[in-house]
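The same chain A turns up in both complexes below, where it pairs with chain B and then with chain C.
So, the complex of A and B:
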């Protein structure tokens, strides 16, 4: 092909569009190649985006398709259709809910308005590598050259795999997120969850809904719908899960705790997507090569603390850093020159967070967190509050609930583990 | 030998939840994700195969609101050379008569064409009128359910497949054919063609200022069709009756139940 671009960006998700937008603004001739019918067509997330990093990557965030600003956070432990919940009702304007397809379209539109070119429905098969340099991309029998390539293809990084730059994805490295979007009226969302028009709720829960498997659930309120979903760790699920994941999420919707909200709701959408889980294992040996920078999920940039999931903002921010490193390379796209990007990542909140919380993944190996502790918590609440004649002492409720479920030393050890890693 | 081919494209709502405007009886297209009518993709494939074989040019033609550009970009990505979007608020609300009139006039304006290729119907309204009507306006030979075409000595030798027989026709130039669904698998888009669609923007937009048609013949005013009422098939709740036990008795019970329901 006679065309040649300064930069080819693989994928029009939050990472790719952020890189494209910032590079186009800096005067680069950028082409974004997206395999879906439109940007965001292949993207999926739980439902919440943290504002600050996205605001750094994109101007005019106030014009983005924002549904609700999260002011309410709930964390629940669920056992036997009963829940113990902590709620924080704050003023926060730090994160918002939205539909990722709409947000991705907005981000891609920003990139196109800044001068980037976008081609959809085209699959990039692999990187075009000549003499140890990434020179462009290969799609079917076609080649397209560029001075530098940004790989923002997402977690299912087939381009990097086929180009021999990362190992094949393994179930232990990823989680599966799946959700239903349930249609309610705006008034019902407000009424059910105690919210004003532009206020949102983020609710995470752990316990029986994952069949005791490591993972958890989430609920986010959109403008006039609710996203209800689960995350399970695939390494465990492939070995132990005995039912379809859509049955799992349906059971959540039909459970005593949630059904009251969704009795008259219509399921608008069902979707599922892989999520980076074992960040250490997923990080490519290098985030840059001669002529290549890796951003977003493809680099394993996602933080999952159980009570906080951060993917979209990490992706947008790493795309922004990729653009920064490329802009500053002044035409020298060798590994040495681009390795600045790795330094930017490691020094940024993304790198710092992932380092600081690198032990969190080990917590998911502790099954008691998903089975025994929710059970203990609920049993204790039952003893404390479901009174008939005599009232219960707190310590009796605790000790009786604990007995035969988990030893005191184990419990203290687990508590210490959670405290240390979070 | 080269052929100038015009191929008709409709960008249709990709949904089973089709909403009808209760006032006008026309389809509500806003907010519904759209795709190129699958029959038209087969027609595009047919036209591109002819171009591969005989050389020439393929022009896509669509009468639609501006959002149909995405559909035209898709067929440009498949290898169509250029696209014409006939778009004007004055064309809105058209039935098949007014639509076929506008399309025929647009094809006349294109002028230098040998063959018009269409899908034989669309998935949103399934009238199969447009091909026949455009052919009538232009006074062209028209064959539908076409599965093959040979171009020899200035004539088209066309194969038409029906349920029980194959018919062959010899058509003069220019002609209009409608392609049988499933007779071809539409090719995938190519990066090179998609790039051209994005970089060179080969979509021409023609309004009624370009065509200069009588306002009484276009849009809602030029449409004699009146949709008096739309009724959807009622949803019949499932009864979930299971007949168990001896197979002979169960079948007898099933037949009896079906008779009672009035379906046998």
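So, the complex of A and C:
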């Protein structure tokens, strides 16, 4: 192995492989260091990727391991094993489902085909910092040198932490995502969710499945399986969650609404990962230092709107921008020169989205969204639709369901809050 | 309706049998369980998604073999009792369908 590289990339996830691919294409001598047995072995996500940003970062996306194109979106409020659901049945091909394990492998293969070197089964312990410059990385007793390092280590950013560049993660800054991947036949996936062979469903739900705690659930249809999972915000869960998180996800699978899909299902995998939640708090003071650029989850780049999660496409795009900034730096990897990356981020849809939706995280502090409103919604539906003799007026159904649950002024205030922040 | 439900809860240990690990003989996590006695909520017990932490009387028992390396325990531990590293040499969890 050569002693010094142009660029060392920490982590062969979507951000790291995107940076490595674009830098290798531009002629840089790139080394990617991955701790897993192969790229993707440590990767986990909910289940859906938005196409456009990934297509910008990688050529030939049509050859990627895409399972289904999401044409159906469902959002449900769940209370007492009943759901009120909004469904959008569109014809768009804007996002797709996949296993991130496979997609990460594909992305790393692209980087290697473009000329990047990949080493697996190596854990980076910390950055090699000399005289205020990042000079490379340290792994065990070994030091590897590079002109510039791209840190794409993921949300659990031990390298940045040990190098003193970020604080330790706090519970209120992150969420826990965990899921069961359940094997069904392709025909059953199509039949159960009303899909054609390459069509997919993205279904998010909130309410009782998180015991009223901030968070929500998701179901994504893969080719011949379903990813069923939950997201729990750790800040609240630390003190308030009264049972094991595994019991929460099992309750979803066994619930009246979902169990009918899984009677013949076989478990393929059970996985978990942390998710950036408080984006403002997670953003490192600087995204660049002398000889260092931070991309992907490590920079806190993830958008969660409750009905849409965007992590993989943000990661791939920030990796792409990291490569762009490094390519344009003409060998000057000082903080001043690389700060172009921060500008690219802030001007891009990633920075704009995160700024525009910066208030969304506060919505999660409003516990009524997870408890009182799903209850109100279901009680209203019951009054409207579960008729025997007399029919119910909409306003009576609403007022009777609301009484004693939430005051009218509070409700209007909450509605205004959601309207303003979303 | 509920009496028609055919599917049963899967025990966590059976659920985990679907995963693949190459367990590092050297633990990548160590817990100073002495600190756990004073811990009021013991959030690791409920929040570790694979149940690496279990309560035995007042004591926290820990095993690292089923860890999926999410890092949650380290973040939620209020006592700073957990020393957490990634497994080395490609060991640990090996996701295939996530």
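As a convention for this text, the second predicted complex is superposed on the first by the 420 of 422 C-alpha atoms of A that agree within 3 Å, B and C clash if a C-alpha of one lies under 4 Å from a C-alpha of the other, contacts with A are read in each partner's own complex, and residues count from 1 in each chain.
We take it that contacts are C-beta pairs under 8 Å (C-beta built on N, C-alpha and C of every residue); 3 or more make two chains touch, one makes a residue touch a chain.
These figures come from a predicted structure and were not determined experimentally.
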### Message
A:3 in the overlay: touching chain B, chain C, both, or neither? Say first, second, both or neither.
### Response
first
### chain A: partner with more touched residues, chain B or chain C
C
### Message
Under the stated touch criterion, which partner chain does A:158 make contact with: chain B (first), chain C (second), both, or neither?
### Response
second
### Message
Just to be sure I read the superposition right, which of the two partners does A:119 touch: chain B = first, chain C = second, or both, or neither?
### Response
first
### Message
Per the contact definition in the header, classify A:379: touching chain B only (first), chain C only (second), both, or neither.
### Response
neither
### Task
Identify the partner contact of A:76: answer first if only chain B is touched, second if only chain C is, both if each is, neither if none is.
neither
### Task
Tell me which partner A:33 touches in the superposition: chain B (first), chain C (second), both or neither.
first
### Query
After superposition on the shared chain, which partner residues are touched by A:144: those of chain B (first), chain C (second), both, or neither?
first
### Footprint overlap on chain A, where chain B in one structure and chain C in the other make contact
120-121, 140
### Task
Give every residue of chain B touching chain A within the complex, in rising order.
70, 74, 77, 188-192, 194-195, 198-199
### Query
In their shared complex, at which residues does chain A touch chain B?
1, 3, 31, 33, 38, 117-122, 139-140, 142, 144
### Query
In their complex, what parts of chain C are in touch with chain A?
1-2, 5-10, 12, 15-16, 18-19, 22, 41, 43, 45-47, 49-51, 68-72, 74-76, 78, 84-90, 92-98
## Note on the structure
Contacts from chain A onto chain C in the complex sit at residues 35-37, 40-45, 99-101, 120-121, 123, 140, 155-156, 158, 168-171, 174, 176, 178-181, 225, 227, 232, 234, 237-239, 241-246, 250, 253-254, 256, 259, 262-263, 267-274
